[in-house]
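Shared between the two complexes below is chain A, which has chain B as its partner in the first and chain C in the second.
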Partner chain A sequence: MLSFSIAKNEIRHLLRERTFFLILSVFILITLASTYIGWSSQHTIESVYQESAILLTAAGQNVPPSPFSNLPTLDIVKNMIIYIVLIGSLLAITVGHSIGTKDQKAGVVRILFSKPVTKKDVLIGKVTSLMLVLFAIMIVSLGISIASIAMLSEIHSAMFLQLIGFYGISFLYILGFGLLGLAFGLMKRESATALLIPVIIWIVITFALPEMGSALYPTSSLNPILPQTNILDSPVLSTIHNILYPFSISEHYKLLSSAILALQGTESVVSVTYSPIMNMFILTIWLILTLAVSIYAMSKFDISRGDVYE
Partner chain B sequence: MNNRLIIAKKEFQDIFRSKIFSTILVLLLTLTATSILVSTFIFKSQVSQYESSLALLQSIGKMPTEAAPQLFPLNLLRGVVDYIEIIGAIIGILLGYLSIAKEKKTKTLKLLLSRPITKMDITIGKIMGHFLFVSIMILSVAAIILASFLAIGGITLTTVEYYKLAIFVMLSILYIMVFFTLSFFLSVQQKSLSNALTICFVIWLVFVLVLPQIGDTMDPDNQVPGGFFKSMGFDKPQEEAVMAKFSNYETTRDHIEQLSVTKHYERTGFALFGIKKTYNDMMLLEILKEKWFDIVFLFTLFIIGIFSDVYILYKDKQFISS
Partner chain C sequence: MIEKASMNEIMKESPSKEETSFSSFVVDVRNLAKRYGDFAAVNDLTLQVKKGEIFGFLGHNGAGKTTTINMLTTLLEPSSGSGKVAGYDIINESLEVRRRIGYLPENVQFYDSMTAYENLEYFAKLSGIKKPDSQIWEVLDFLDARSYADKKISALSKGMRQRIGIAQAIIHEPEILFLDEPTTGLDPFGVKQLRDIILRLNSQKGITIFMNTHLLQEVTKTCSTIGVLNHGSLIYLDSLSNTMKRFKDEGSLEDIYLNIENNEEE
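So, the complex of A and B:
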C-alpha cells in the first residue's frame, strides 16, 4: 500500500514536469512521423526501381528482380526500431533520473524516512511508477502505429500481434535504461552527474559496442538497413566480435525487433549472430542487471542525505 | 581586455577539476583510437579479399574488372567524424552547463559584478577559456589520430593531408563551440539547471541524431545493403539519370538534412577525408569551394551563439540576483 502511494506520488510529480513532456512530445511526434517516412520511402524506392528497369531495358541489359517486391506491410514501421533506440532510451533515462532525484531535490528524504517507510517500499514504489509511465508511453505509441498503418496501408490481426510483441520488447529494452537513470539518480549527489553517467552508458551501448564488435560506424548503425561489413574475413575483427557481441544490447534488441516484425534486410551482416531466443535471453539479463544496480543503489542510499545539488 | 583573460584562465583551470569532463574526454580519445583500429582492420580485410579473388581469377586465366583497394589514410577517419558529431556535441553542452552551474551554485556572479568587470567581459572571458580548452581537446584527438596511423603501420601523411586535418580540427572546434553557446544560453535562461540540461539533450537528440537519420533512411540508395544502385549494376551517370526524375523528393530530403548543424559538419568532414570517394581525387581548394556553405553555416551559428550569450546575460536579471 505504501509503495502504491509512493508510485502514485511519483507519477503525479512527473506529470507536472515540463521537460518530461518535451521529450515525450518529441517521441510521440516521431512515432507519428515514422510510419509516414517509411511509407513514403517505400513508395519512392519502388518508383526508382521502375525507372531503373526502364533505363536498363532501353540499354538492352538484363533487369534484376526488384528487391522490394515482397516487402512485408510492417516494413513501413522499421524506423521505429531506431527511434526506440535513440529517443525511447533517452526518454526512459530522463524519467528514471527524475524519479531517482525527486525526493532529494525537494529536500524531503529525511522527512520521508522519519515515517514508517522502508527502503524496500520506496524502491518498489519508484520502480512501479517508472514501469507504469514507460508502459503507458509504449501503449500510446502502439496505438499511434496501429492507426497510422491502418490509414496508410492495411492491418490485420497477425500484424496487430506482431506490433504488440515489438512494443513489448521495446518496453523491456527502455526499462533497462530507465532503471539506470533511477539508480544513478539515487547514487549521485549531483543531478547533472546522475544524468550524464547513464547517457554515457547509452552512448557505449548504442554506438561504441556495435562499432567495435560488428564494425558498424556510429551513424551507419542508425539506418535500419545495415551496410555490408564482412568482418569475418578479418581474424582480429572476428575475435573482437565474438568477445563483444554478447554485450551489444542494442544489436540484440534491433535483431529481435526485426524478427518479430518479420522485416527483411535488417538482419546483421555478420554471419555469427544469435537466435531470437538468445537475443531475448540477453535482453532479460540486461533487465535483471539494471534492476540489480537499482537495488544496490537503494541499499547504499543515505537516508540522512540532504538536498541534491543541481 | 585583462579582465577577460583572467576570467578565461579561471574557466580553463576549472574544467580540469571536473571529473565528469575528464571521463568523457577519455571516452572520446579511446573511441578515436579504437575507431581507427577497426577501420584499418576493415581495409586490411578488403585487401586480402581482393588478393584472394585476384589469385582465383588468375588461376582460371582471367583479369579482375575492379581496381585493387587503395589506401587513403584519411578515409579511416569516418568513425572519428561520427564520434565528434555525437560526443563532441555532448562535451560542448556539458562545458556550457558547468560554466553557468558553478556560478549559480556558489552565487559568485553578483560578487564578480561588484568589481570593475562588465557582463561582456564575463561572457567573452568564459567563451575564450572554453574555446582554448576545446582547441586543446581536439588537438589531442588529432595527435591520437597521427599516433594511431604511425602505430598501425607507419602511415605518414602528405602535406595536403595535414592541411585537411588542420581544417577539420578548426571545424570541429567551431562545431563543439556551437553547442557550448547553446548550453550556456539555456543554463542562464532556464530557472532549473536540470531543465536546461534536459532541453539541451533534446535539441542534441533532434539535430545531431534524428534529422540526419531521417535524411539517411529516405535515401533510395540506402534501402538495400551495399546500395540499391550497386545492386542494379549502375554507374554514377546512370544513377543521376534516374534520380533526376525524383528531384522534388531529393530536395525535401536534402532540406531535412540541412536543418541539422551536424550534417553540415559531417558533409565537410567526409569531403575533406575523402569518405565520399568522389572527393579523393579533388584538390583541397575545390573541396573547400564546394563545401563553402557548410563551413559558413557552422561559423554563422557560432557567431549567433556568442551574441545570444551576451544578450541573455544582459537581459536576465534573475540569474544575476540568484
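So, the complex of A and C:
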C-alpha cells in the first residue's frame, strides 16, 4: 500500500519532468522513422526491381526473383532492434536515474524516512514505477509498429504475437538498464557520477563487448542481421570471443529479437552461438543481477543524509 | 497457555516501576553515542524528556545536535547506547517510533514540482492516513497557511515553506515533534510567529517539543527545559525556572554559555 503511494508519486514526478518527455518523444519519433525507413528502402528497391524486370522482359532475358520476395514483412521493423539497443536503453537509464535521485535532489530523504516506511517499501515503489513507465513506453512503441505495418503492408495475427514477443524482450532488456540507473542514482552522491557509471556500462555492453565478442567487426554491433564472415581463424581472437560472448548482453538481445521476429540472415558464422533459450537465460541473469545491484544500493542508502546533493 | 494469559493480566494490572517511569518520558535515552571513526559526534548522552515539555537543546555549531535528533528520529543508528522515543525502542522498533513522531529537518525542503497540498498529501499517506484531505485543511488552518495549498513549493518563501514543513510533521498527530534549528533563515517576525505556533502546538494539541537551537534567547522564550550540548557531551540539564533562578538574568546565562564554549575550544 505504501509502495503504491510511492510508485504513484514517482510517476507523477516523471510526468512533470521536461527531459523525460523530450527523450520519450525522440524515442517515439525513432520508432516511426525506423518503420518508415524500413518500408521505404524496401519500397525503393522493389520499384527499381519492377522497372528492371520490365526492361529485362522487353529484352527477352530471364527475370531473377525479387530480392524481397522471400523476406518476411516484419523485416521493416528490424531497425527497431538497434534503436532499442542504442536509444531505448539510454532512455531507461535516464528514467531509472531520475527515480533513483529524486528524493535526494528534492532534499526530502530525511522527511521521507521519518515516516513509517521501510527501505523495502521505497525500493518496491521505485522499481514498480520504473517498470510501469518502461512498460508504457514499450506499449506505445508496439502500437506504433502495429499501426505502421498495417498501413504499409498487410498484417496478420502471427505477426501480432511476434511483435508482442519482441517488445516483451525489449522491455526486459531496457529494464536492466533502468535498474542500473536507479541503483547508481541511489548509491552516488553526485548526479554526474550517478549517471556516468551506468552510461559506461551501457557503452561496454552496447559497443565494447560485441566488438570483441563477435568477430571484432566494426559494424557487427550495429547490424543484427549482417551475415558475418568468419575472421575468427586466429586462435587468440576466438578465445577472446569465447570468453566474452556470454557477457555480450546486447548480442543475446539482438539474436533473440531477430529469432522472434523471424528475420533472415541471423545465422551467425562466429565460432560460438547460443540457442534462443540460452539467449533468454542470459537476459534473465542480466535482470537478476541489475535487480541485485539495486537492492544492494538501497541497503547502503544513508537515510540521514541531508540536503547536499550535486 | 492459561498460565501465560493470567500472567499477562497481572502484568497489565500492576505495571512494574520501570514501565511507569518510561511512560511519563517521551524521550528516554541511555548512554547514547555516535562515533565517526575516532571522532565522537555524540558522547554518552543520557537524557529524559517528560511528556508535555518544550525541550530546548542548545549547542554550538558541530556540537552534535543534528546527530542526536537523527538518532532519536531513527534515521541514524547509534554506535552504542539505547533509547526509547514515545515508548518504543529507537533501534529495534523504529517503525513504531516513526508512527508517533513528527520531524522538521534543518532547512526543510519538498518536491519542488508539486504543490504544497500534493506534498502534504503524499507524506500524510506515508504516515498511514488513507484519505488525508480533511486533515490537510485542518493543519493548514491551524498554521494559518490555507492560501499556500495550491502554490508550487518553488513559489513559497522560506517562512511559508517552514509552515508547510511543520504541517507535514504534525498532520498525523504525533506525540513528539522534533525541530532542528527551526528559526534558521526567518526574519524576526517569522521567528515570533514560529514561536507562537510552537507554543500553541504544545498547549492546544499537547505535543511534546524537542527543539535544537544555537540561539540562547530562543530557548529562554519558549522552552520549559534546557539541555546544553558541548562537543558531543551534555553539560547542562535543568528546567527553565531553575535555570533562571540560578543565573538571575539572561545575560549571565549567556556569559556562562559562551564561557563554556571558549573554555572547551581552548
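By our rule, the second predicted complex is superposed on the first by the 269 of 310 C-alpha atoms of A that agree within 3 Å, B and C clash if a C-alpha of one lies under 4 Å from a C-alpha of the other, contacts with A are read in each partner's own complex, and residues count from 1 in each chain.
The working rule: contacts are C-beta pairs under 8 Å (C-beta built on N, C-alpha and C of every residue); 3 or more make two chains touch, one makes a residue touch a chain.
All of these numbers come straight from a predicted model, not from anything done at the bench.
In the superposed pair of complexes, A:His13 makes contact with chain C only, with no contact to chain B. By the touch criterion stated above, A:Leu86 is placed in contact with chain B alone, chain C being left untouched. When the two structures are aligned on the shared chain, A:Ile303 is found in touch with chain C, with no touch to chain B. With both complexes placed on chain A, chain A has more residues touched by B than by the other of chain B and chain C.
By the touch criterion defined above, A:Ile200 reaches chain B but does not reach chain C. When both complexes are overlaid on chain A, the residue A:Arg189 reaches neither chain B nor chain C. When the shared chain is aligned, chain C comes close enough to touch A:Gly107, but chain B does not.
Residues of chain A that lie in the contact sets of both chain B and chain C are absent, per the superposition on chain A.
Within the complex formed with chain C, the residues of chain A that make contact are 2, 5-6, 9, 12-13, 16-17, 102, 106-108, 110-118, 303-304, 306-307.
Only residues 18-19, 22-23, 26, 30, 33, 37, 40-41, 44-45, 47-49, 51-52, 55-56, 61, 64, 67-68, 79, 82-83, 86-87, 90, 94, 101, 105, 191-193, 195-196, 199-200, 203-204, 207-208, 211-212, 215, 217-219, 222-231, 233-234, 236-237, 265, 269, 309-310 of chain A touch chain B when the two sit together in their complex. Listed in rising order, the residues of chain B touching chain A in the complex are 19-20, 23-24, 27, 31, 34-35, 38, 41-42, 44-45, 48-49, 78-79, 82-83, 85-87, 90, 94, 97-98, 101, 104-105, 192-195, 197-199, 201-202, 205-206, 209-210, 212-214, 216-218, 220, 222-226, 228-229, 231-234, 238, 241-243, 245-246, 249, 266.
Within the complex, the chain C residues that touch chain A are 70, 73-76, 95-96, 98-99, 101-103, 105-114, 118, 122-123, 125-128, 168.
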